[in-house]
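Presented sequentially are two complexes of chain A, the first with chain B as partner and the second with chain C.
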Partner chain A sequence: MSLLEIRDLTIQYKTRKSVVEAVNGINLKIDEGKTLGLVGETGAGKTTTALGILGLVPNPPGVIAGGEIYFEGKDLLKAKDSEIRKIRGNKISMIFQDPMTALNPVIRVGDQIAEVIALHSGCSKSEASAKSIEMLELVGIRAERSTEYPHQFSGGMKQRVVIAMALACQPKLLIADEPTTALDVTIQAQVLEMMNDLKVRLNTSMLLITHDLGIVAETCDDVAIMYAGQIVEYGTLAHIFDNPMHPYTIGLFGSIPSLDKDVDRLTPIPGLMPDPANLPKGCNFCERCTRKCDRCAESEPEYLEVEPGHFVRCSNLNGGAENV
Partner chain B sequence: MSEILRVEHLKKFFDVPAGTLHAVDDVSFTIQEGQTLGVVGESGCGKSTLGRTVLKLIEPTSGKIFFEGRDITDISKHENRELRKKMQIIFQDPFSSLNPRFCVSDLIADPLKTFGMYGKKELEERVLEIMDLVGLSRRYAYSYPHELDGGRRQRIGIGRALALDPEFIVCDEPVSALDVSIQAQILNLLQDLQDKRKLTYIFVTHDLSVVKHISTDIMVMYIGVMVEKCPAKELFARPLHPYTKGLLSAIPVPNIHHEQKRVQLQGELSSPIDPAEECRFVKRCPYATDICRCKQPTYEEVTPGHFVSCHNVREINGL
Partner chain C sequence: MAKYIIKRILWAIPVLLGVLIIVFTITYLTPGDPVQTILGNGYTPEKYAKKAAELGLDKGYLAQLGSYIWNVVTRFDFGKSYMTNIPVITELTTRMGTTFSIAFLSIIVTILIGIPCGIIAAIKQYSALDYGFTSFALICSAIPSFVIAPVLLVVFGVKLRWLPLSGLDEWKSYILPVFVNALGGIALLTRMTRTSMLETIRQDYIRTARAKGLRESVIIWKHAMKNTMIPVITVTGSWLAMLMGGALIVELIFSIPGLGTYLYGGISNRDYPIINGSVILTAFIVCMMSIVVDILYAVVDPRIKAQFSSGKKKKKSVQAAKEAA
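Up next, the complex of A and B:
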């Protein structure tokens, strides 16, 4: 059994006026030591999925309407709060998107890391603070900086602190939500290399949430493309990058200006993502799709395995293949 | 093709409590009509300040700016105002650069009203024309910014910049806040407008793949100074400055068969406040020698059309 297995997870935000269907029956699997990239646009439900795994979906208005999340064979959705609290930050931890707001501005960074360690390992305060310094050094921050406050660090350094905190208890699973979006490219390259290096050394599995396909190509083993709360395509790195099948995935690749080739005009995906409070009846991507047929607007496409390990949610794959 | 903008030894310093912040330090360049100059660099390198100083939104500390052959460095307020009809800016954040209490047609009419160019009836017509031009459906004329998504909001920003029919536009990270699929729509729009109206752009961004796509020439900035400038293709094919090499190789490429030879840059940007008399890049440079630590390199044409400021550029690249 995989380290993490998500089956049919559905998360909704319910308000008096509407029901926002943020995550609609997704299936995911992460094996030990592997990295899964979760790719999608703003509002696709990536972060909600991550919060769902950690049991952090704000309730109200968020409700987990169905599904199972198995971590080491145990269903997290059925676990008691006290059990989840033991897992969160310990066996599963998260790197949040914005290092500027993820740290407490009035607590020294060393103490913030020591807090996590003391809470989960039950060791003494001095042991925890020694360990926190070790963690800072692991991510390339000098020991004497552990008594400084977050505002004394630059963006890249703050993100390192957040990473040190997430790795402090040697988690089995690390959820990284756009860990480098707020950073400059040269700093991003440093942070990504460090994360890859630590992942190998600690044998951590990772769920990497991003919208940057370049980062996915460099760090992931498997990729899930998410659109309007559903996974529209899932496969290994080679499946997605060499043989993308879903029109949305193909559209994403066409939208990125290439560094290798000279393209005069980009081929963007026309239109916008549908309102998650008012999803269409058939395929969610139908309105923007270049190869839709009558069936697409009528019924929801099935999630098909087109080759071993490569899943696509599209009713018109054959029609598409002829067009390509 | 004629020269539309010439900037000579432009400097912009800010006085801050810790000293003098050298945001733009001795930058010179020219742009030909109808071309796009891409300005890239990491956050805090002075690229936005450069864009705004060129437009005279900020007064330069020293240096000269010529627009269509005329020196606009020390013109009067009145003349400056007239200049706005020809020079415009598109801002980075379509969420904070639009007045939330104005509807779309008010927002686009705003620059036109400022100059009192049209009567009421004509104004309405003109606003709708501009909405068509930037691909905003007319039914949004009375919507407010909060009702629209980022892509449409950025189209309003572009519409506002185009309202006065300018010749020159500074685009300050116009697509950074947008998703890739929307980003591609906006980039295509900017290119179409350039073709249609012979616009000249300065395109400020930190996204190197975007800048390669849209620019004719690219200028790389590092802590207020220009480190390299050349035609876009040349920069990506043959980067000469060690910083550019590091920057280019740091971009994650969305292709799994791409072999990455990474020149990893260590450390971070040093402070732009009262910088020492040395090469700004010396602390991160893998090729630094003694001369780099005691003298700022001059900006010179190393190969035809390719400007670099580095003491050791010839040794590093075997030229």
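Up next, the complex of A and C:
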């Protein structure tokens, strides 16, 4: 069995007026030491999926309506609170999207890292703080800065602290939720390089959430494309990049500039994602699809394995571009 | 930090001087003649002139103000009461303790009840406990102390006879005045703490703390508490002045021999030195309290502290950074 296996996970946000279907029956698998990229636009349910793995979906209004999340063979959704707490920060840890707000402003950064070490390794406070300084140096922050507060750090430095904190207990699985979105490009490169390096050194598996396909190409082994709470295409890096099948994936590639092709205009995907509180009856992507057919609006497309390990959720795979 | 504290203390000086000038001017301009009040009916012009000269009331405004400030600043001399001829400072020092102890106990009670109520209401949002505390707070802040005090007096003092009606002779006599005085603050702190805690526990860094695998109690106490307290302290600071004013009124209702009753007596007798002295002392206490609050603020929030860290330290850290680079 893989390190992490998600089966048919469904997460909803229930309000009095409506039910927001954030994650609709997704299946994911991450093997030890591998990196899975979860790609999709804002609001596709990527962060909710990540929070679901850690049992951190804010409740209310969030409810995990169904599915199984197996980590090391154990269903996290059935585990007791105390068991999950032992896994959080220890075996699975998370790097959050916005480093500016992810650190507690009134606690010294060293203490924030030492806290998680002391909690899970059971070592003394002084050992934990020694280890926290080690972690800070690992991510390229000088030891004497460990007594400083988050407001004394720049955004990139804060993200390094967050990464140090996430890696402090040498987790089996690292969930990185858009770790570089809040950073500028040069710092992005540094942070990514550092994460890759650490991942190899500590043999950590990673779930990398992003909407940047460039980052995916650099870091991931497998890729899942998420749209409106569903995985629309899933495969290895080669499958997705060399042979994208789903019109949404193709659209994503069409909307990024390429160095080798000379085009005047990029081709964006027209339209917006459907309201997750009011998803269409058939295919969720139908409205924006360039090769939709009558079946698309009527029935939900099946999740097909088009080649070994390459899954696509589309009813009109061979329909070509007849309707364009 | 020391520099910050000294700065805050030095700032209190112009504030107090301002209070002194304003209060003195107001009493000076108040219609009514203290000499007449002292002498009563049937005095001769000579007697009047002699008394006025004795009290220094025959001089001009500036001369009176000047000598008042001089006496206060150099000798802590607030003059003598027109009525009793007892130096105001003697009365103030004996009565100050009473008022201060009521105010201080009120603060303690307010904090001990208001903050936990707010935290519980926030953690158990939309529970019966939350609705209970919130509506209690709403009711408390809506009823003024001069209404609630007589009601409590009738219930606990007259009907049930559990608590003494007036004075401050035993520990039981503190209960009603302190409670009445604290009520508004409890309501305020409960609501403020609740709002602030609700805001805090939705912050990303609380989610980070959860993702670390910490227990909920650790998250609340270690990660949310300090951040929750920052706006609460701000509000508490401005509430302290209200608390002192409330203490004066509560003293009147419960006939407690503190600054409030002294000030009230001074006002009804046009005893200007008493009015001036009591108001200035009250202002002094409020100033001291707000200094304590400001210091607390810097202790809780490192970002505030950083603003006031001394120039030397900054230079040192910059130098250290340069050397390391």
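Note that in this section the second predicted complex is superposed on the first by the 320 of 324 C-alpha atoms of A that agree within 3 Å, B and C clash if a C-alpha of one lies under 4 Å from a C-alpha of the other, contacts with A are read in each partner's own complex, and residues count from 1 in each chain.
As a working rule, contacts are C-beta pairs under 8 Å (C-beta built on N, C-alpha and C of every residue); 3 or more make two chains touch, one makes a residue touch a chain.
From a predicted model like this one, the values you see are computed outputs, not experimental measurements.
For the composite obtained by overlaying on chain A, chain B and chain C can both be accommodated side by side without a clash.
Applying the stated contact rule after C-alpha superposition, one finds that A:Lys78 touches neither chain B nor chain C. Residue contacts after overlaying the shared chain place A:Leu103 against chain C, while chain B stays out of touching range.
Of the two partner chains, neither chain B nor chain C is touched by A:Arg16. In the superposition on chain A, A:Asn90 makes contact with chain C only, while chain B stays out of contact range. Touch criterion met: A:Gly214 reaches chain B, while chain C stays clear of it. Contact with chain B, but none with chain C, is seen for A:Glu41 once the two complexes are overlaid on the shared chain. More residues of chain A are touched by B (comparison of chain B with chain C). When the two structures are aligned on their common chain, the gap between the nearest CA atoms of chain B and chain C comes to 10 Å. Of the residues of chain A, not a single one touches chain B in one of the two structures and chain C in the other. Those residues of chain C that touch chain A in the shared complex are 203-205, 207-215, 222-223, 226-227, 230, 300-303, 306, 320, 324. Across the complex, chain A is touched by residues 42-43, 149-151, 179-185, 187-188, 191, 206, 208-210, 212-214, 233, 236, 246-247, 249-256, 258, 260, 262, 264-266, 268 of chain B.
Residues of chain A that touch chain B in their complex: 41-42, 154-157, 184-190, 192-193, 211-218, 237-238, 241-242, 251-260, 262-263, 265-270, 272. Chain A contributes residues 54, 56, 84-90, 93-94, 96, 98, 101-107, 115-116, 119-120, 142, 144, 149, 151-152, 162, 165 to its touches with chain C in the complex.
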